[in-house]
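Naming follows writing order (A, B, C, D and E), and every chain is counted from residue 1.
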Amino acid sequence: MNFLEIKGLCRNFGGLRAVCDLNAHIEAGRITAMIGPNGAGKTTAFNLVTGLLPVSTGKIFFQGKDITGLPPHKIAFLGVARTFQNIRIFSNMSVLENVMVGVHTRSCKGMFSSALRLPGVSSEEKFIRDEAFKYLEWMELAHLASMDAGNLPFGQQRILEIARALAAKPKLILLDEPAAGLNSQETNKLSKLIRNILESGVTVFLVEHDMELVMNISHDIIVLNNGFLITRGTPSEVQRNKDVITAYLGEEH
Amino acid sequence: MLVIKNLEAYYDRIQALKGITIHISKGEVVSLIGANGAGKTTTLHAISGLLKHIEGEILLDGRSIKNTAPEKIVGMGIAQSPEGRHVFAPLDVLDNLRLGAYIRSDRQETARDIEWIFELFPRLAERRNNLAGTLSGGEQQMLAFGRALMSRPKILLLDEPSTGLAPLIIKEIYSVIEQIKRDGKTILLVEQNAKLALKVSDRAYVLETGKVVLSGTSSELVQSQDIQRAYLGSSVDGFLGK
Amino acid sequence: MGLDSYIQLFFSGITIGSIYAMVALGFLIIYSSTGIINLAQGEFVMLGGLIAVTCHHTLHFPMPLTFLVTVLLVTVIGTLFEITCIHPLKNPSVLGLIMITIAASILMRGIAMFIWGKEEHGIPTFSGDKSVSVIGASVPPQVFWILGVIFTVLIILFLISKYTLIGKAMRATAADRTAAHLVGINVRKIVLLSFAVSAGLGGVAGVVLTPMTLMSFDRGTPLALKGFCATVVGGLGNPAGTVIAGLLLGLIESFVTGLVSSHYKDVIALFILIIVLFVKPSGLFSKSEEAKLKKF
Amino acid sequence: KKTEAPKPPIKIGAIFSVTGPAAKLGGPEKNTVLMIQDQINAAGGINGQMIEVIVEDDQGVEENTINALQKLIHRDNVVAIIGPTRSGNGIAAAPICEEAKVPLVSCAATLVQLYPGKDISKSMYRYVFKTPQNDSHCARTIYADCQKKGFTKVALITGTTAFGAAGRVELQTRASDFGITIVADETYPADATDLTPILTKIKSQNPQALINWSIVAAQGLIAGQMKQIDLNCQLYQSHGFGNPAYITEAAEGVLFPAGRLLVVDDIDSSNKQYSVLKKFKNDYETKFPDEEVSTFAGHGYDALWLVVNAIKANGADRESIRTGLEATKNFVGTAGVFNMSPTDHCGLADDAFAMVTVKGGSFRLVDAVQ
Amino acid sequence: MGKNNYIKCALFLIIIGFLPVFVSNQYYLSVLVFAGIYAIVAIGLSMLMGYAGQISLGHAGFFAIGGYTSAILTKFHNFHPLQAMIIGIVFTVFAALLVGLPSLRLRGHYLAMATLGFGEIIYVTSGAATGLTEGPSGFSGVPSIALAGFTIKSELSKFYLVWLVALIIMILSLNIIHSRIGRALRSIHGDEIASNAMGVNVAKYKIQVFVYSAALASIAGSLYVHHMRFVSPTGFNLNKSILFLIMIMSGGMGSLWGAVIGAAIFTLLPEFLGVFNDYDILMYGAILLGMMMFLPHGLTGLTTKIIQLVLSKWKTRTQNNP
């Protein structure tokens, strides 16, 4: 049983085949990167895995369970969290509250019990707050906890998004271009962070165009082009692959 | 050709630029580098006339363009490919490019330029009738870049044009930058990827918290120890600074 | 019912439908360039009618001059509305803007009541009252004026949007103001223009409508409601679709009233609105992808 | 000599729809009561005591009527209330006045406001009176005229307001008494302005007469729109039509029952009402030169005078006013001659109505024109 | 619910308790009863709009369903007012599901448009369905509300009843807002897609809060007819829906207390505008426009701003004079 298994996955937009007969798997405890030219279908694949887009055909299994067609929140409850290529933080909420939303999947009190403050609501609320703080401290954002998330500088918004995803204590985290807009120093910090995430027991699935980062930290690399899988391998294998070089990397790499 | 003297900019009460002096000569490629929040985007916005609250001077060919309406600045030949892409999401790719040529009235020339953009980015050509909002991140970046070219600017302001682009396309974009530089155009380039930026540019300025802390020709800067450490990413100290 | 009745109903429907279409276009134009649903749109129609009354009865202007002066004045009012109420806002929310237009509509109604009182006022029809017989139905000549004026306006708008980039510039302005600035669109001008044109359209509708149905200070809101239905049914983005939706609403209303029952006349448009929202939420004549990318 | 401290004025409340959809009714009512207040005070008040009429605007909305009632009853401590203007508001106001034991003289037409739960079989409210003629009078007068002219096929068109709805019921229930068949029965909302589809439908039924019953704007449009589509049958309007604002070229020849106030110049000087009407019309039109007197102004006149007369006769407290009102006999008002009794809180006879038409740009008594 | 809100609730309770000492006139009490009724609607609507970011232009429709159900059942079918109120809630929930389920799956303005249509349909129907509702003239004789055998008839007891209901609803709503559900609602407002991906069942919470706010409107509608002892369509038209919006906007979106304040102000305001005679519509429009333009965050926004300003002044002063 693979940790995440994608079988014959397809997604069309009108006549366009954004993802096409994709077969791939992710192994637990490793960092897997997905690369490929712009418009290759990477973000679409992430959207399919997290249920944000319905699949056209194909199946997705997470820890052996068929998650195809499940709504996004159910998939999140199974332990899949993600960040977005275009940052999607809740700019109407504070930094802390953003992360507290991340703990949503680890709490359960509903509208009714919340309204009546039934026993357990307060302690759960305290749990959520404490957890959120834990992750803010890890990401070194705790001093900004009460700030409006929308006013954070760009780089910190990216980190906040990761904190929010981690607060769900996911088994698998999907990161869509986490390094975009960061300079090399910041990118270096990011690679350290990603390794930390892995060490904390979360499997990482990553889309990124920064080859230095990808080649440095990933164990496996999946390469897409025009919706198709063109190859899969270790960084050194992929770097030497002719198809990858012509379609994506260019000569120098 | 473009001279900025003691530029200060404010967002409400926050001062984002604290007196920046920059000059760009005709035909030059100049890059601005600096950490997150240093004020690079703010500088470009100030030049494009998007900010209300600025002080200091911005001169184009000796004439002040401070407090000039943004559309007039575009008319004077300054175009920008903004950070965060800012494509017109509910319009299709063709319309986005046509609007890039909004200030021009030569229909046929415009059509030809659009074809040229499509040659540069075949990916866009395939998507010409798709709504810009449905494009992938990288495709949108290409579109924003192409749209800025469509006004046939004298000065091109590029804010992180390589964000989210595949390595091959980055090369493509940089070869375009070199090509338009050869055509005699002037470019002010903001890049996170300092290595790349220094490679194409003649000169560069380094910004830090709203001030120019270092400037010089690109080749000088590449050698500089400070730059090496801070922006070219050789050593890493500390984790996630403030 | 004979054929003549059907023809009669058709003309009734198409007349009121074209008024709905004008109001709907007014909504659409402001919406396309700013994302605002201007609920004061009906008040422009009301003002058009009442200003025409003053021009004609008090100032004794001949009809063509009345028409021109009225449309001009309403255009100016629309522009002033933008300048004084919409433009000064810093970071308005969509809802805030809607509420401002509601407040403005209440205020305009109040001012109109102050000036013209509570009565209905009328102006003479443009060319007499003698009905024209069309296949057995008698159609008042004003109907042809309404149709003629409105279709002329529509054709002009169509030509402008076809042969200039203004239509696209409006949509671009609504989609992303920063980017609109950066491609050289004079955002201020576009926004003012859109308010001016929608107000002008309202004014035109008011002048041509008043001879048939009279006008009073409180006529705006019901018209705005129907016009709004037409805009949504047409898909909030497609001028041709909006016009067709307006005409369709008028026709359906007329035929249902004439053939079935009048008791629920006013819910017909709303019912169609709800059905369309549930079945094809992006409107009858608009792409659903595009609807997803809109802000409001 | 000891100067007596002037007595505080007698406070009388009034609630009218001065704005809103029935503004055309409530406006003249308000004008009238304020004018009469001044007249009475100028003439030395009631037995030397001034009166003060406190007017509230309910905009035709019941919620406001109720607030206004509370305000008048509890804050201003009025001895009696006149108004409201619209039938729905009258129905809402009646039980409150009954409970608070404050006499109410309504200016709304509908009869059912006088009965708890709109149920005419129950006994009447004790504190609620009204001045306009009854809807049933109006319906009967119209149908009688139809019968006289030999019309048997009649179309109804009514507004969806309380007034229109009440009229519709009257017309529906009384048609058979006059051998009349209703061939069409349509309604339109208060804000309707285009009635041609409804009229087209009616036209296809070939009625001999069309009866429109509403107070809303559309009643002024209907005659014109009938012409537009060539529907050429006799048009009757209800007593709600009694406002000179509705006189248009197209309205020429319309028939409707109304009090004689509208046609003062046509009535015989021997008529009991003659001098009252003449004076009121004259007073009103002198004071408000832009306006012609309407039946609604008349309702205000009748209501206030009924109360004032009751005060004069019985004293200025709520209970005495109530008994005074109920004992009203032979009061000559604008709507007719009022004779109240414990079982009749309207007090008008059928002859309060006369058939009126529009001729030569003014309201004329049918009998005088023919 | 934070400490702050406990204090506010206590303060609220004290105000309710002591207000009648100062305001004993029945008329003012009656107006305050209306204010309390609208506060109930406003709290629900504020949760829907200020927190979950969903716009409703048709809450008068739910208000009407509650009102008519109560009026008809208590007057013509001898139901106990509480029974009728509960049945009204059931009908309202059903109607809210009918409108909400299809339109809440879509984004943003669809709910606004669908509810606009819904509200008007209810309004027109309540005038046209004469057999059921007695048509446009409505009917009086709706009994007063009764509780545990006591008929609540006097203005004073109605005042206490309505405002206590409002207080209870306030506490329930504050509890929801300051819980994981409240945060989920706000995250939906912020970004539906991200919220969904973080495990928030967007559709479920949207429909829950929509139904909750509709049910509150229904309760308020029932109280409304029992207070007026009369029902007719005029109380339930588009103007009423707009009035609800005005209340929460003027109080300040995103604050339940603001909703209550807005409800109070816009119930009382027209009573004071009466002095402007015929031109109160002019004044009303002008005040409204001024509020929307100059107080975009409503009165609560204004107070927070003033408090912040005072605090920062105070801070700098204490810093300068240590």
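In this section, contacts are C-beta pairs under 8 Å (C-beta built on N, C-alpha and C of every residue); 3 or more make two chains touch, one makes a residue touch a chain.
No experiment lies behind these values; they were computed from the predicted model shown.
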Please indicate which chain is farthest from subunit A, where distance is taken between mean Cα coordinates of the chains. D
Can you compute the centre-to-centre distance for subunit A and subunit C, using the mean CA position of each chain? Integer Å is fine. 48
Mean-CA-position distance for subunit E and subunit A (Å): 41
Take the average of all CA coordinates in subunit B, do the same for subunit C, and state the distance between these two points in whole angstrom. 42
Subunit C to subunit D: how many Å between their CA centres? 37
Per-residue overlap in subunit C, given as positions that touch at least 2 other chains: 113, 221, 263, 266, 292, 294
Contacts with two or more other chains occur in subunit A at residues none
Residues of subunit E whose C-beta touches two or more other chains: 124, 128, 278, 281
Each pair of chains that touch: what are they? A-B, A-E, B-C, C-D, C-E, D-E
Within their complex, subunit D touches subunit C through residues 19, 21, 23-24, 27, 160, 186-189, 191-194, 196-198, 200-201, 203-204, 217, 220-221, 225, 227-230, 245, 248
Subunit A-touching residues of subunit B, taken from the complex the two chains share: 33, 35-37, 83, 123, 127, 130, 134-139, 141-142, 160, 163-171, 192-195, 230-233, 236, 239-242
For a test of understanding, state which residues of subunit E touch subunit C in their complex under the given definition. 49, 55, 99, 102-103, 106-110, 113-114, 116-118, 120-121, 124-125, 128, 238, 242, 245-246, 249, 253, 278-279, 281-286, 288-289, 291-293, 296
List of subunit E residues in touch with subunit D within their complex: 25-28, 30-31, 34, 75, 124, 127-128, 130, 134-141, 155, 228-230, 232, 234-235, 270-271, 274, 277-278, 280-281
Taking the touch rule as given, give the residues of subunit C at its contact with subunit D in the complex, in rising order. 1-2, 5, 8-9, 12-13, 15-16, 113, 118-120, 122, 129, 131, 137-138, 140, 212-214, 216, 218-219, 221-222, 253-255, 257-259, 261-263, 265-266
